[in-house]
Amino acid sequence: MRKMSIAFIGLALVAAACGTETAETPDRLTLVAHDSFADAVNDETFADFTEETGIEVAVLAAGDAGGMVTQAALSAGNPIADVMFGVDDTFLSRALDEELFTEHTSELIESVAESLRLGPENLVTPISYGDVCLNYDKDWFATAQLHVPTRLDDLRVNVYASAMVVEHPATSSPGLAFLLATIDEFGEDGWLDYWTDLKAGGVKVAPDWNSAYYGDFTRYGGDRSLVVSYASSPPAEVIFAEEPTDEAPTGVIEAGCYRQVEFAGVLDGTDYPDAAGDLIDFMLSVEFQETIPLNWFVFPANGDADLPQEFVDHTVIPESPAQLDPAYIAENRESWIQQWSDLMDS
Amino acid sequence: MARRRRFRWGWLAVAAVPALFLGYFFLYPLTRILAVGLSELGVGASGVEDRLFRVGWFTFWQAVVSTALTFLVAAPMTWAVGRYEFKGRKLAMALVTVPFVLPTVVVGTAFVALGWRDSIGAILAAHVFFNVAVVVRTVGSQWRRLDPDLLHAAASLGASPRQVMRRITLPLLRPSLAAAASIVFLFTFTSFGVILILGGYQFATLEVEIYRQAIVLFDIPLAAVMALVQLIGVSTALYLYSRYQERHSTSWEVSSDASVPSPTGRSRLWVYAAVTGTLAALSLPLFALVRRSMGSYQNLFGADLVVGDPAAAIRNSLLTAAVAAVAALVVGIMAATFVSHRSGKLSRWFDTTLMLPLGTSAVAIGLGFIVALDWPIDLRASLLLVPMAHALIAIPFVVRITLPAMRSIDPDLRNAASVLGASPWRVWRRVDLPLVSKAALVATGFSLVISLGEFGATSFVARPNTATIPTLIFRLLSRPGESSFGMAMALSVILAALTAGIILWVDRFRAGDIGSF
Amino acid sequence: MLRVQDLHVRIEDTRILREVDLGVSDGEIVGILGPSGSGKSTLLRAIAGIIEPTAGAIYWDGEDITHVPTHKRRFGLMFQGYALFPHLTVGENVGFGLEKGADGQVEEALAWVGMTGFAERTVDDLSGGEKQRVALARTLAPRPRLVMLDEPLGALDRNLRSRLVTETRELLKDREATAIVVTHDAGEADAICDRLALLREGRIVQTGTLSELVAAPADQWVADFLG
């Protein structure tokens, strides 16, 4: 027993010693991200960064974006990683309130469009954005000889509302984004009326994206031809088609899109703030940014990055998507979700 | 009695390993996160008690109904495998186990594809689907160990088959019925993924509500209160279970299943009807999976994909499972050794406490890891964390499987070894261990498959992004495109096949169906 | 009276019993004697309806009961390992084959075997001899048409056996029971039974009283077996 405890203390001391060492360049940086980012990271993802700096990048998956921010909040000041990526505008205020980040202003920030720069630039850096949009099944609309709706208001009509599936905003990030789009469109006084109409028209609510898309969408055997998904879904349908195809089977409705911006920041308490800042700069560099669409199906924040051909051909980037101020979202999110649930769940 | 006292310190050491493991990876993180939450607890917002009561009540009754339905559905097959030896029995036992270890997201998707969702019916059906194996395996194996002459004796005294069932078989099966019921209850009481995917928000269980409060609304204090309520519910259930087992001692298991007969005549028909009927019902959702996976296997291993390498994911999954199995086996066997050598309250409580992780909020434990496990060394982002979380879930099964084998060892074998001059350690190593090695193999298999399919409990643990089969399935499922969906189904089928293979393999060693799972 | 006619039992590919013919008259105690593995227990189980015969028939008072289920035969069988129900008390065990509330009959049956006052005890607490008596009481309590005892004294020590041999015979004779007693011990069989049937590899090779068998063994094997 005694031998064991001595070994244990020894280990702890070694660990502590390693922990307090603050070399300028570490061997390794840790990046914490939500699962959908982390799961698609491969050996290539940060290879260039490692080659340039000699620093390896370890990636931690921390659940969904909300789970990641909660975990970071619970370990504020003694973080489990050096850099966090994947805080979106709906969670940004929460992360800032908890003072999770330490200062770093990216040297490439000027190449990011003004509309994406929603947070304090000395703390968080926009890396990517994605538009949550209604998708429609082209075949279904052709067969039904219906016009594709062009405005959110069109959906109040039974024929569209009853053909539509949305995700629950409490359990699904695109669901929340679409709710925010309707709030942006109809304002605080109008959005509940709008949803009352959708409900009366027969809109369906799915708990998450994959049961809506793979369960309810007509393209996958469901009975709904309008689904809340992403602007990047049609190119994904082409890239991941079973039979090679030139035309996407689904399309994007430009009205009612909501733009989610994802940010990276250096976690407060890291031993290597400078190297961590370099990693964020790397993520905003053109070479990394151009790998974003095909790996994560979101769009690069850096305006100098080119899109892959499939994205150019098969998607629309809405010109004026809805966006709300993160602080405004943070203040009201809970009550919006509650009001929405009270209306739709009953 | 004197012997027992002499070895007391040794036994404490044996108990210490499982106690420390459970303490460090379960009780300590759980206490820390509850403390964090409860210390910040303000005056309760109005309406909270109402919701808490509503959610708590729903959680409770759906778990009770799910458990009852599971027993109902499992009954025919349990009867068939418990009462008879027949061709294909082991294959049937392996197949019935597959649903138990499939990741929730896969089953959820299969159910959604069948159009079963948005209703309490879909939730209950999914709970039954997942847990039938628990009843069939736990109760079925004890049934096989019942002395058939007890049933014959009852018949010769004039009891009709129905009376034999009611007056002899069911009372004798009580220990395993109670064990199966408590496991199914714990699983369904803490149900999360099934509820979210199939029920949506209107059917919130405590676990869903804990997730909502902690992750969506950032209300850690309220989440902690709910986790505490859940813990109290689970502890009460386990307390009742433990009391029940106390009153109905399990000492009457004697026969090995060498005497289990083959079915003849009409019973043969019933046996095959029960088995094929159950398997057919269970494979309905699985069939949707298999059908949709056709043609996607080449894509999975052929094309250059951005999803990550499925072969690597399978390797990683197996590696994680191996580490989890080793941990679960070491801890579980030491716990079982302690429990089997020491009768009395303490060891029974020990046994019961080991089941607690099955019924504790995965969200709370995951967040507890973050708060607590930076001491004495920072394990929070360690590769070990996920296998250790899996081990926590596998340990109760290891104990259930190895304990009966240990209890059945004739104490005189140990005494004989001691008389020959063997130290207690040597007795354990040379007598106990070889005799339970078969049970240990079975336990290894189960730990492996539990870890392979585990998804829910670890999605709240920050972990290195080594892709495993379930995470890869999840990733494929969260991306549009026909081939993504097809590949997700294909990978699910591979996982199911892997599971069935492992169970078939360990069932070969299951001489006499030792172990109660 | 019982008549077993040309009975065959095959389990999987092993022939356990062949061409067994056996009659037991009312009030008669017949002993089945044979080495272990000769099929004695199987014969009792077939008569009790626990094992389905492959061929042949079983008659009771001329009625073919070959396919009557066990619980409707009203035959009592005392198992070799006693098969006492571990979750029931002694009294509940003995009363199992009786109508509910027949406490008087339970006490009576316990009195037959000298176990008065044991009704509340649990089965686990009994000694070997006590278990034997309880099993016997349980078998006799419902007053079966035919009593079958499978190695009733098998697991007991010598002194106890010699005492119980007499007791068992008296008990059966007092009730005027028709009975079959299986044993591997010739002396014991002779002491309990009126007549013996010798079973070897699934066939009945000879019947008669012990003295008849010893005096005129059918073949060398019978002579060797009886010593």
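Here the chain labels run A, B and C in written order, and each chain numbers its own residues starting at 1.
Assume a contact is a pair of C-beta atoms (placed from the backbone, for glycine too) under 8 Å apart; a residue touches a chain by one contact, two chains touch by 3 or more.
These numbers were taken from a predicted model, which means no experiment stands behind them.
*Asks:* Sort the chain contact graph into one of these: line, ring, star, complete or other.
*Replies:* Contact pattern: an open line, chains touching in sequence.
*Asks:* Per-chain Cα mean versus the mean over all protein Cα atoms: which chain has them closest together?
*Replies:* B
*Asks:* Any idea how many Å lie between the Cα centroids of subunit A and subunit C?
*Replies:* Using C-alpha averages as centres, the distance is 79 Å.
*Asks:* Distance from the CA centroid of subunit A to that of subunit B, rounded to the nearest Å?
*Replies:* Roughly 34 Å separates the two chain centres.
*Asks:* Just curious, how far off is subunit C from subunit B if you go by their C-alpha centres, in Å?
*Replies:* 46
*Asks:* Among the residues of subunit A, pick out those that touch two or more other chains and give their numbers.
*Replies:* Nothing qualifies.
*Asks:* Taking the touch rule as given, give the residues of subunit A at its contact with subunit B in the complex, in rising order.
*Replies:* Touching subunit B: residues 8-9, 11-12, 15, 19, 30, 32-33, 35-36, 38-42, 58-64, 66-71, 73-75, 78, 80-81, 94, 168, 170-171, 205-211, 213-215, 220-221, 229-230, 233, 236-237, 239-242, 250, 294-295, 297, 334, 337, 341, 345-346 of subunit A.
*Asks:* Of all residues in subunit B, which touch subunit A in the complex?
*Replies:* 33, 36, 105, 108-109, 112-113, 117, 196-202, 212, 214-218, 220, 295-296, 299, 306-309, 366-367, 370-371, 374, 376-378, 380-381, 459-460, 462-465, 467, 471-472, 474-475, 477-486
*Asks:* How about subunit B: which of its residues touch subunit C in the complex?
*Replies:* The touching residues are 147, 149-150, 152-161, 163-164, 167-168, 171-172, 174, 248, 251-252, 262, 264-265.
*Asks:* Which bits of subunit C are touching subunit B when the two form their complex?
*Replies:* Residues of subunit C touching subunit B: 12, 45, 48-50, 52, 69-77, 79, 81, 83, 85-87, 96-97, 124, 138-139, 142.
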